[in-house]
Amino acid sequence: MAQVSFNRIRRTYGEFTALDDVNLGIESGEFICLLGPSGCGKTTLLRILAGLEQPTAGDILVDGADFGAVPCHRRNIGMVFQSLALFPHLSVGENIAYGLDVRGVAKEQRRARADELTELVGLPGLYDRPVSALSGGQRQRVAIARALAIEPVLFLMDEPFSALDAGLREHLQIEVKKLQRKLGVTTIFVTHDQNEAMSIADRIVILNGGVIEQAGTPTEVYARPRSEFVANFVGTNNVLEVEFTPGADVMWNGISLGRPTGDMASLHGRRKLSIRPEYLQLAPAGTTGTGMVGTVEFVRLLGAQIETELTVSGHTIIDTMISDRPPAFGEGDTAEILINLDHAWVIPS
Amino acid sequence: MTGMLKRLFLWTIAAGLILPFAVVFGVSINAESNIAFPPTEFSGRWYMMLLTQSDWLIPIGNSFTIAFFAALIAVSIALAANYVLWRLNSGFGRAIFALGIGPFLLPPIIIAMGASVFWAEAGWYGRMEATIISHGVFFVTLPLVVISRGFAALSDDVIDASRIMGATPWQTFAKVIFPLVAPYVVTGYVLVAIISVNEYLISYMVSGFAVETLPIRIFNNVRYGYSPVVASAAMGFAFITVLSLLALSMVTDLLKLLGARRD
Amino acid sequence: MKRFAIAPHLIGLYPLGMMTIFFLGPLAFMVVVSFYLRDPLGFYKVDFVWENYGKFFSSFYYSVSLRSIWTSALASLLTVALAFPAIFIIVGMRRKWQLVWVIGLLALMCLSEVVIGFAWVILMSESAGIPRLLGWLGLWENPRSLSPSRLAMLIGMVSLGFSLVALMFYPQLSQRDRAIEEAAQTLGTPPAKVFFKVVLPIFRPALASSLVTMFVFYLGVYVMPTMLGRPQDWNMSVIITDKAVEQANMPLGAALAVIMLVFTVLLIGGFALATRKEGAK
């Protein structure tokens, strides 16, 4: 189990900057998700940690020791690749035992360890099966077992579930999380799927354009986004550009959103306000007297929730509410939107 | 370290593949009439002779005529076979396709021997048409494989879309399928034409004594005392081949046609 | 139930007919001719004799056969051993350089055996090639022509087949999942060993099939042995051509070609069977 620290990591490909001055510390036993859109640099950061790529500048410390000069094959890292990269010419057991084989472990011990791991990932008795005869989910498990067989100091996963259907993916996410808790291995998981990141990570690191936008627990990045990018990327959100004046109402496009209290009361000037759809409330026109009136554009049912899309003077506002009754508004209806400023978050600028 | 070794290995191979032609080029521009290298005085006379003397011009004409028609035959067979396989995907289609792979699997001498007795019996032994048909049939494998890549890239959705919009099968072929596989067809045609121009054994055994092609002319010349005109003819071959391929690489993505990874 | 499509079947008759008449037809007729009698004045006389096959069982054809097999085996092994690693390196290069190599290889593949053979004849000649260069450098006192010789013939054959093997492996090596080699590295394989530990084993079936293909290909080469080899290096192809064309003995040439055909078909069939068994296992 190891601590990792990235210090001022930079990686460029010609003109293109994939990573720009990345600093990140990872605690021993932590489950980290690197989250971001494609091309944000998350996979590059993972590959640099694995030693498959060299940073242009900066260094990596693992348990305080410099990792930069250690070649990939001596880093003792377990990695699950996006394509899985199972060895097609080897059986399930031989795949899992490969890392032990190159380390010169005797045959019986390799066999014993591989059996132990097939058990651990839920594939008992498949030692001699060729990997080409496995289902998608089974192949995932072999890849995971192969990476863990060498008792790695770090466990890396590069979008391992992106090719699976939604049900199986969720199932494996939970399994991986449980396995990681049991083994306590420091894990770094790359994904572009924010739901996946939210459900398995201890801490999410959000990257955009080669820069870390925010690193924090799932609750932190959801409730207190540090940038507009994070506010929009994680979950559905309404980001409004508002005007604060101490002692006066918060104004948005000439509409009053109410009088701010607490820390918000002392703010002034133009700020970005993040307010989640579940904290908005809709009321029939003319019932509350609020100035924020919208036209319903689209209504859809999302299982436990009803999502309503409205436009208010050209801006789109999303509202969600529990679907314990049929939608109260149809397309084309006018509705009043109530905002509770206690649940709003001012994005730091 | 390993990078150096890799580069050395590749350069050695490149040298082995290019060096013979460098020397031939040197000989072809040497003014002296005995074959010698390095050249002492430069001259284009051997190229002039190649392009003016009838005992070179006739074989050149023969070779190009054969290549032009043989490539047409090969590509038409390959296109039809691929269309049928793609359209039916049945045993019938697969059998035709397998038949087209056959010539590649057999040593050329067997094919040449077979063609030789066949045309002797048919009474076309020594006629250019015999060489054309034999080339067209025996070089079908390459366009067959190249065009099959084109059909493989053709998604069923596109065809269904065309049919739903009201196109007849023929219109679908002419307006959708053919334009999509056309680059592969062109590549196949050019490759067969080049290979046909360069082929020796079949031409020789089918009608070598009557229809002299350029390779036959060169071979006879090398065997029975040669002049530097042979060198200029060999270089002419190399130039034409490389130029045709360069032209091809400009109109099509050659690497993709040969199956390179998309990136 | 799908309606029987007539048009594609009709179109299919064209390639089917062409291949049957002009590819299978000649092969079948060659078998027939191999039983005919030689006619010194024409091509052959219709007959049914085993005499042409009988001639094969002599020490001359025995040694020619062995030599053909041995030379082809050696040449195919050398070619694959050079071309596979070369293409492995080439597919890792930039696209621009890959294109340069691919055009060069395609050009070589298309270029006539005659032209490549002639180029090597010149390169190995006393008056213009390597011997002259070595003599000029003072490394070889009495430079003599290096061809015709067995080595010259082998070099000619390898340079003829190299482009073919290289282009056969190009798509497979280009499209391979490079993550497998990276996985091997993360699991502790030193980079220098990845090629032998992972790449070669994965490509073992493809390598075997390219060896068989090239073996068959070299069995049928004619120009390289005649141009670069001595009469004692000549393979079966040269002998067949010699009998059929130079000595105007088509039935004997046909019989020898039929023997080679049977050998080739057995070899390819046996190999296909072996790979299928391996696949089932």
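Here the chain labels run A, B and C in written order, and each chain numbers its own residues starting at 1.
In this section, a contact is a pair of C-beta atoms (placed from the backbone, for glycine too) under 8 Å apart; a residue touches a chain by one contact, two chains touch by 3 or more.
Please read all numbers here as calculations on a predicted model, not as lab measurements.
Chains shared as neighbours by subunit A and subunit C?
In this structure, no chain contacts subunit C and also subunit A.
Find the chain most remote from subunit B, comparing centres computed as mean CA coordinates.
A
Calculate how many whole Å lie between the centre of subunit A and the centre of subunit B, each centre taken as the average of the chain's C-alpha atoms.
54
Find the geometric centre of each of subunit B and subunit C from their Cα atoms only, then give the gap between the two centres in Å, rounded to an integer.
Once rounded, the distance between the two centres reads 16 Å.
Residues of subunit B that contact two or more other chains, please.
none
Hey, what residues on subunit C touch two or more of the other chains?
Within subunit C, residues 191 contact more than one other chain.
Residues of subunit A that touch two or more other chains: which are they?
In subunit A, no residue touches two or more other chains.
What part of subunit A is in contact with subunit C in the complex they form?
Against subunit C, the touching part of subunit A is residues 50-52, 71-79, 81-89, 98-99, 102-103, 146-147, 150.
Could you please specify the touching residues of subunit B with respect to subunit C in the complex?
For this pair, the touching residues of subunit B are 2, 6, 9-10, 13-14, 16-21, 23-24, 26-27, 34-37, 73, 76-78, 80-81, 83-84, 87-88, 92-93, 95-96, 99-100, 102-103, 105-118, 120-121, 125, 133-134, 136-138, 140, 169, 191, 194-195, 197-201, 204-205, 208, 214-215, 218-219, 222-223, 230-231, 234, 237-238, 241-242, 245-246, 249, 254-255, 258-261, 263.
Could you please specify the touching residues of subunit C with respect to subunit A in the complex?
Per the touch definition, subunit C meets subunit A at residues 177, 179-180, 182-191, 197-198, 201-202, 204.
Of all residues in subunit C, which touch subunit B in the complex?
Residue list for subunit C touching subunit B: 5, 7-9, 11-12, 14-16, 18-20, 22-27, 29-30, 33, 43, 82, 85-86, 89-91, 95, 98-99, 102-104, 106-108, 110-123, 125, 127-129, 132, 159, 162-163, 167, 170-172, 174-175, 191-192, 213, 216-217, 219-223, 226-227, 236-237, 240-241, 244-245, 250, 253-254, 257, 260-261, 264, 268.
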